[in-house]
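Since the structure comes first, as structure tokens, the remarks are kept for the end.
By letter and in written order, the chains are A, B and C; residue numbering begins at 1 in each of them.
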Amino acid sequence: MRAALTRLAAPALLFLLLLAVPFLGIGGGFVLDLLTRAMILGIAAVSLSLLVGGAGLVSLGHAAMMGIGAYAVAALDAAGITEGMIVFPTALAAAALFALVTGAVSLRTSGVHFIMITLAFGQMAFFTASSFSSLGGDDGYTLYARTEILGSPLLQDRRSFYLVCLALLALVWGGCTAILGSRFGRVLRAARENERRVRAVGFSPVPYRLVAYVMAGAVGGLAGALLANASEFVSPASLSWTRSGELLFLVILGGLGRLHGAILGALAFVLLEEWLSHLFVYWRLVFGPLLVLAVLFLHDGIAGLPGSLRAWSRWRPTFSKRRSADA
Amino acid sequence: MPEPLLELRGLCKNYGALAVTDDVSLTVLPQEIHAIIGPNGAGKTTLIHQISGTLRPDRGSVLFAGRDVTALPVERRARLGLARSFQITSIVPGFSVLENVALAVQARSGSSFRFLRPAGSEAAINRDALAALEAVGLAGAAGRMANALSHGEKRQLELAIAIAMRPRLLLLDEPLAGAGPEETARLIGLLRDLRQRYGILLVEHDMQAVFSLADRISVLVYGRVAATGTAAEIRADPEVRRAYLGEDELA
Amino acid sequence: MTLLLVQVLNGLQFGVLLFLVAAGLSLVFGVMDFINLAHGVQYMLGAYVAATFGLWLDSFWLGLLLALPVALVVGLLLEWLVFRHLYRRDHLSQVLATFGVILTLDEAARALWGSAPLNVPQPGGLPGGIEIMAGLNYPAYRLVIIGVGVVVPLLLWFLVERTRIGMLVRAGATNATMVSALGVDIRRLFTLVFAFGSMLAGFAGALASPVFPVAPGMGENVLILCFVVIVIGGIGSIRGAFAAALLVGLIDTLGRAMLPDLLRLLLDPSSARQTGAALASMLVYIVMAGLLAFRPAGLFPGPRA
């Protein structure tokens, strides 16, 4: 019980802080917009974290799920449909369907092959999006209006949009946390660590992984639909493989194995990107090396930073174990 | 004679020109311990792989409880009641001891496509898992992480996982390997108890254990069954003595 | 008919370039179990260096020649700075760190040369076109690329199959511990393979520079197709990479050229063009997915597959 409380303390604090922001009036609308975007990316990152950290499936095509959700909003917008009760289910279903079909093929492989194949399917979605000339092709499509919820323009208002995103983020985080602790999640986690053992007690891992892949896809679709609303614009760039790489980075930056880490990663990423791009024109010259350094040195991500700091403070230069291991 | 639980009919497996399993036929009856012995490289592990389903035989068939399972994958055989322990310990290292066993209980009790209810607080599953741990004498370690167990404890855990599946046949690949004398004694006692409930196919190097436990013994030499019989018959068989026991007793 | 021939030649030539990049990627993965997204950067770098030096020295061929050592040095530098710290990490870390390298170097290219495609000197000393069939002129330079595609694979085959280093590389791909137990400095071997792969990719980029647009991000498009090539051909297999590269080059080129026309038989012209273009860019991925459904280890499974 006590352990459960300490485990929940960090995410609870995070959500409370996010909830407080719009009522403190910090920095005005710009900060709210920025955090909204971070939370939307956080939703996608949590779903990816379920795949990578929970099921051990490293997908380099998760941006496709977001992109499909975003394009569902655009396609319905072009058809004059902006009712959220239609738009959101459609976005989720479209992304889930894509995940089902591509997942069924991808899960025949594992390891590096899985990474490459999800990347290839992501590219497929990207090229498809670029060919929708009725939705602007490469140039993208600007929405006429944000999605309405039961006819009310809830998402128009900056603060209520922020709160909706926060609520959804909390819901997705809670849902994914529950899933990881459930019977289903137990099979998924066991199969990540020792597939042979899982088979020997009578589980075939593939159906479990496929269901997880579809669920993560649907949540990715939700994030995409929200992102389309946030920017009121959809373009193939949101499906590009670099976006998939960024999502994967958010998850690792925050720390694998802790779902709220993905949210921390998203916040850190968006704020850093914003800050750096104000400082330098070619900000990726700084951002890229930071990313490399984070991978090389930040093994447990931001969420694991307290533990890492404790470990570093005890560190003595005994020359890298890694090196001596190959002798 | 009761219907055999497991029956191998003319099993053959070749690696290139080498016949690792050469026309092996044998049976395991309910409540019987049938041991397979043989020198290193006799093809014991390959045989286990074919019975559990990780390897497909080139020819021949595997019948389990009267049903041909030759074409079924590992997980289907497991669900039919064929539990296996591995020669090299195979557990889920990041799980607690209890959760390792609970996974096996979960596999046979209802659907695992349940997404929201915390699996860790399902009382029925935990109770069965704990019972299996008690049976192998590991109940005290239930809360520890599996990767923190000693080698012998890990072997016990594997056994608990197998028992928790409530199988009809246990396929044990060197369950005593690497266990200390005290652990060995306990494990032998345990296997003797288990015989009341399951058929057991035992591959083991510890000859003392094999001869004290097994109802029947088959000697595997170069992939073939050289002899099958009771412990006394096998001890008396001159060919077996020459091919196998002689070397081993010298060693 | 002549159109088909031209497209087949274009496809072969694209396949050759893909092979040059994929060969290094596949070797590095096969020997070091290291997945290097930044391999495409070498390709981009080769193109930029060849173009820049070519303009400066007023000779494409000198630019091409200079691109090789530059690609080599940059490859070694990256290996020393970043990659060698990743060999023992999981694939996820490798993907992310090399992704960071891509972001950095693409941005560097943008900062140095701008975002717009670069002007590239045309290779001199060659006849503009060669008549390969009555009434059909095909650019001589493009035939040179296809020629490279015959020579380099033979050279690679010789290196891998017939030399001591090649023997070690093959052995290292199967069992690195054993090779180092034989007293071979596996790290030096890795570095060598890596350097060679970088140079091949840089060479491919330099070769491609007069034919394809030279712009930031050009490496990634090739890289992703190279992944398809490796997946189809089987990881670690040079033979597989060669067959798959030609296959992917042909499918991609022919698909783009032919599909819109073929679809016109079924659809009205504008939607035929649109659907055709979309289908053509997806074609190689569809082929890959189909192949994987039947042969998950690729056409020629390598030692690790």
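Convention: a contact is a pair of C-beta atoms (placed from the backbone, for glycine too) under 8 Å apart; a residue touches a chain by one contact, two chains touch by 3 or more.
Predicted model only: the values in this text are computed from it and were never measured.
Visitor: Which word fits how the chains touch one another: line, ring, star, complete or other?
Guide: Per interface graph, the chains form a line.
Visitor: Where's the contact count highest, between which chains?
Guide: A-C
Visitor: I'd like the Å distance between the centres of chain A and chain C, where a centre is the mean of that chain's Cα atoms.
Guide: Taking the mean C-alpha position of each chain, the two centres sit 31 Å apart.
Visitor: Would you mind pulling out the distance in Å between where the CA atoms of chain B average out and where those of chain C do?
Guide: 50
Visitor: Report the inter-chain centroid distance for chain A and chain B in whole angstrom, where each centroid is the mean of the CA atoms.
Guide: Inter-chain centre distance comes to 43 Å.
Visitor: Please give the residue numbers of chain A that touch chain B in the complex, ascending.
Guide: 175, 178-179, 181-187, 189-190, 193-194, 196-204, 208, 211
Visitor: Could you pull out which chain C residues touch chain A in their complex?
Guide: 29, 35, 37, 82, 85-86, 88, 91-93, 95-97, 99-108, 110-111, 180, 186-187, 220, 224, 227-228, 230-231, 235, 274-275, 277-278, 281-282, 285-286, 288-289, 292-293, 296
Visitor: Inside the complex, what are the residues of chain B that reach chain A?
Guide: 52, 73-76, 78-79, 83-84, 86, 90-95, 99, 102-104, 106-108, 111-120, 122, 161, 165
Visitor: Using the touch rule from the top, collect the residues of chain A that touch chain C in their complex.
Guide: Against chain C, chain A makes touches at 52, 58, 60, 102, 105, 108-109, 111-113, 115-117, 119-121, 123-124, 127-128, 130-131, 133, 241-242, 245, 248-249, 252, 281-285, 287-292, 295-296, 322, 325-326.
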